[in-house]
Amino acid sequence: MALDVGVIGVGMIGQEHIRRLDGGPGGSRVVAVADADAERAAAVAGQLPVAKALPTGEELIASDAVDAVVVTSWGPTHEPYVLAAVAAGKPVFCEKPLATTQESCRRIVEAEVAAGRRLVQVGFNRRYDPAHRALKQAVDGGAIGAPLLVHCAHRNASVPPHYTREMSIADTAIHEIDELRWLVGQEIVAAQVFTARKSSRGGQLQDPLLVLLEMADGVLVDVEVSVNIHYGYEIRCEVSGETGTVELAEPAPVTIRREGTVAGLVPADWRERFALSYDIELREWADTVAAARPPQGPSAWDGYVAQIVSDAALRSLSDGARVAIELPPRPDLYTPTATP
Amino acid sequence: MALDVGVIGVGMIGQEHIRRLDGGPGGSRVVAVADADAERAAAVAGQLPVAKALPTGEELIASDAVDAVVVTSWGPTHEPYVLAAVAAGKPVFCEKPLATTQESCRRIVEAEVAAGRRLVQVGFNRRYDPAHRALKQAVDGGAIGAPLLVHCAHRNASVPPHYTREMSIADTAIHEIDELRWLVGQEIVAAQVFTARKSSRGGQLQDPLLVLLEMADGVLVDVEVSVNIHYGYEIRCEVSGETGTVELAEPAPVTIRREGTVAGLVPADWRERFALSYDIELREWADTVAAARPPQGPSAWDGYVAQIVSDAALRSLSDGARVAIELPPRPDLYTPTATP
Amino acid sequence: MALDVGVIGVGMIGQEHIRRLDGGPGGSRVVAVADADAERAAAVAGQLPVAKALPTGEELIASDAVDAVVVTSWGPTHEPYVLAAVAAGKPVFCEKPLATTQESCRRIVEAEVAAGRRLVQVGFNRRYDPAHRALKQAVDGGAIGAPLLVHCAHRNASVPPHYTREMSIADTAIHEIDELRWLVGQEIVAAQVFTARKSSRGGQLQDPLLVLLEMADGVLVDVEVSVNIHYGYEIRCEVSGETGTVELAEPAPVTIRREGTVAGLVPADWRERFALSYDIELREWADTVAAARPPQGPSAWDGYVAQIVSDAALRSLSDGARVAIELPPRPDLYTPTATP
Amino acid sequence: MALDVGVIGVGMIGQEHIRRLDGGPGGSRVVAVADADAERAAAVAGQLPVAKALPTGEELIASDAVDAVVVTSWGPTHEPYVLAAVAAGKPVFCEKPLATTQESCRRIVEAEVAAGRRLVQVGFNRRYDPAHRALKQAVDGGAIGAPLLVHCAHRNASVPPHYTREMSIADTAIHEIDELRWLVGQEIVAAQVFTARKSSRGGQLQDPLLVLLEMADGVLVDVEVSVNIHYGYEIRCEVSGETGTVELAEPAPVTIRREGTVAGLVPADWRERFALSYDIELREWADTVAAARPPQGPSAWDGYVAQIVSDAALRSLSDGARVAIELPPRPDLYTPTATP
């Protein structure tokens, strides 16, 4: 039941996923890699016990040695690779975003629907974070009654100079967009973006933003997006329900008393904060596809919907108005099943 | 330097303030009480060492025995009593709201300006809560850089059946309206109210609400107002700045491990949560007016502005649109002084 | 029902108590002060509305103008002043320690018993700290079942160079000695002191210590005493019972996120940490004695017993052995009453 | 570089370790199992892809198919199985305790020393818990200065009726004994056990205990051992140093506000609390031995020393006296290396 995986795109996140998959869960192995930078592909393959560097992603997907594909290449290349994997009938794990435009995402959904079975999983790792799972468990278990409001904060210590306010939505807040659909179990029906006083730390960048999302059953969500907040990386979320609330606790494992403070350490970045969630995400994915079962994680449909909502928020960002969201009908392939 | 106080309106909050003032700070005494219910006034006076029950608030204000007046009567009566005290040249502490309409508040401001000196203080007790003071101290001290966003939650365990969604603004969120002006040191320039999924716990009441406030320098504030949240009474506030954030800590004095949880107790209501803030508020007021100095707390102007903002939020509540707020020019009498 | 107080010893703590009492609870006033340093007495009196500086403590106690006495002079002078106040039939609040030797304390107890009524209160302020009261309330209310073990830590940022390891017991741990008797409602029957690795921060001082106390019903207590721990002043206490535990929560009013940490501020010293407890302690004392009722706080007997336990711990400190404690019979005057 | 593992003893903990190892890190597989209960062995083997049930542990160790051995059988059988594995030159992971007597442990150490290389690892999982690692990292990194005192609590919700006070030391506190040597980097030179007021929840069982440990450099440790505390399973540890302290934070991933409390959930038992530590422990062990490197975790020497300290504590438990501990000389094989 070992799983032989091919990885397309072996930059930082690709190499991290290789480390998780090679000799990992269920006896998975990385047997092939490909990268736009052939030298890098060769170097990475050279450090793995059984992996070969292949010239292109297309050849990797076509290779008989490859059971399943991981796409961690540059965003604009996601669509062709995922479509090729679907065409080849191979399970494919694609890092978020599924693709960089709604139309790309729609074509992937249509291809998968035409193929008649679930092959695609999108790398929305929040769903695998134990703290987020505990959050959902508390909500689903009725600890706070029906959820009514959600407060989120997505904070990065800093972003590179080329970062734009559009990326604060499409690259950053998109995590909350997927998370909230999963957490509340409802679609998002409108988005509106407000700009706050501009931080002086980001040059021309309009930062922070406040994103307001309305869900189908009326749950109202506000998301602070601060991408230059200096003190560290932090994800906060409180769900306010009819009889109580539940929120993410501080993730710091120890409390230090020193120099006049009682303090927990804040993660420096998302790699530190979410390392365990990636481990779980890829272990569950590899276990599932190795067992020839359809992937249970975020689907192509989820990737498509996240893109639609993100686009609506971007439209609101440009003119400030509330943007109502109408989703296309959900294909039967993506009907949620009873299993968790 | 003892202060002889008269109290108009001796219901629950009136009696609590009497307990704080009689034989209290600076040797203050309650020497007279008045109430629409003469029997109640007599009963309360009977339990105090030196207080007399007077037939009307007007007579109380006019009495030579009374140095300073506390108004804790029914809201609609605030205006005439405060105006009478100002006319008599006596310091007056008026529970919030200063008055129930903008026009009433404006007339009080005009009367005080005409009198040429500060006599009125409004009972916005948040400014006296040690935790809120620590919050402001952290912000003012630069611990988080310039403030950019604020998240607040104002939660009541329950409200009586006659409570309306308008009261969620005018009686409840008005505390945040005053607090934010004080905390951030800026005026509020726009308000917008969003309704969330309706809690099933409040009958016809639209609860919770999300109130969005924009401040003059761009700071953006969202306030969750949940008035039927069952689990207890809680005030939350996090100020998100350029380099960090500061938020109110849990006020529970002890942590109890029992029955599978590590827990702090939540106050049942605002009386429990803010008892100390009222003590400090009235002590500082009595000390100040006993020393013949102008009151340093929330002014008639603050009461007037809070009413203007509250009215704007109420307008937004009725039609959902953003309401811009234009304040009248601030009379010189209310220019902030250098002292804290 | 105003209370006219005389204060003997107007150093730092004396002046703080004067501030709390003059024009304070129940209309209390400071009408006389005395100090070994006559100039200081005159200076302090000069700043008070109605106080006179008297040449000696004895004259202050004898003065007809003085209803009740506060003793905040140097420890070795406590005994004669308290005895004189008892002889004069005047209520006396004596800062801890009641006296510096067991024999002194015993003579005070005997004098009070001979006088036939409670006049003396000792300044063990922990019993008035709201957090410690919440701790006791949780224990007494059965939240954790019967208490079995207690862990305490008493930490000072630093101590002056003349501080000795004996003072770590007699001046520092004595607070826990009184607190534990009150908290658990049992006498301490044995003490043993252990020395830990010596901190390099205190020169020759043996710091920290671990004090083990056994209570009559078997409850076992360990107290860390660290008097040079640099990071700040902190009092910790966790009571471990049959079904759970309760501990003091962090007292920080706000949580600050900055520079890689999520932190609460630690008080710098006991003045900052316990300011409110002193307010409550003196208010309750003044209210009680102004009403001509016997003081309800720590009694002369409590002061005497604390001294006996402290002496036992000092004996253990010198030779390391466990020291059993036998108390003299408790005079009926000190039988606990049903009222809290 | 796959590792073929044989597991002796397939009760609960054995089955959990099988789940972690089969198709796990580095391509490890469970190829053989043995159990005193042959039916159980067969049943467990039947659910694994490639495992055979062998009649005895000895045959399993001797089998050519087995690269490395995991011993999770009943404590008294540990010695013969570990000795057999050492004799066979095979790496062996033995659940704690290494063996049930000092002499058994000594014989294992001698056998390993005679074999001339490290083959044995003992299952002290605390060293793999991320929170305990963060604790050690803070201490080693100098965050609190030199450690001087340590407070620990080891709490179980309940224990079975056959549990004895000796097991509170030998089965329960033994985790702290190993942890403290690792955390502080010093040997334990004396132990003393104190009995506290007996909980009424454990029948005849003397519970809780307070264990005092002295380390070579004077660090003083107290360990509360409460095995029937009902509220849940919790491990607490605070290291108090020259300039500050560090302690384990609450492990709860979310904070729930409901029914008058702000609460985190407490794990029900050690399985829930330490699941991740076992994952890491076995992953690191399998990775290390698969790479033909000596195991880096707790050694046979660590198992032996823990047993010596535990025996000293048991002697103190029987008579209450302090027991000094003299360790035999440490064989060179166990000299700590520079690598972490």
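To keep things simple, chains are lettered A, B, C and D as they appear, and every chain counts its residues starting from 1.
Keep in mind that, in the parts below, contacts are C-beta pairs under 8 Å (C-beta built on N, C-alpha and C of every residue); 3 or more make two chains touch, one makes a residue touch a chain.
All values derive from a computational prediction rather than experimental measurement.
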In contact with subunit A and subunit B alike are the chains C, D
Relative to subunit D, which chain has the most distant C-alpha mean position?
-> B
Go ahead and note the Å separation of the Cα centroids belonging to subunit C and subunit D.
-> 44
Could you give the separation in Å between the centres of subunit B and subunit D, each centre being the mean of its C-alpha atoms?
-> 57
Whole-Å gap between the CA centroids of subunit B and subunit C = 37
Residue numbers in subunit C touching two or more further chains are 230-231, 243-245, 250, 252, 257-259, 264
Residues of subunit B that touch subunit C when the two form their complex = 1-2, 23-27, 29, 49, 130-131, 134-135, 138, 143-144, 243-259, 264, 276
In the complex of these two chains, what residues of subunit B are touching subunit D?
-> 230-232, 234, 250, 252, 257-266, 268
Subunit C-facing residues of subunit D, complex = 145-149, 151, 153, 155, 194-201, 208, 210, 212, 215, 217-220, 222, 224, 226, 228-231, 240, 242-245
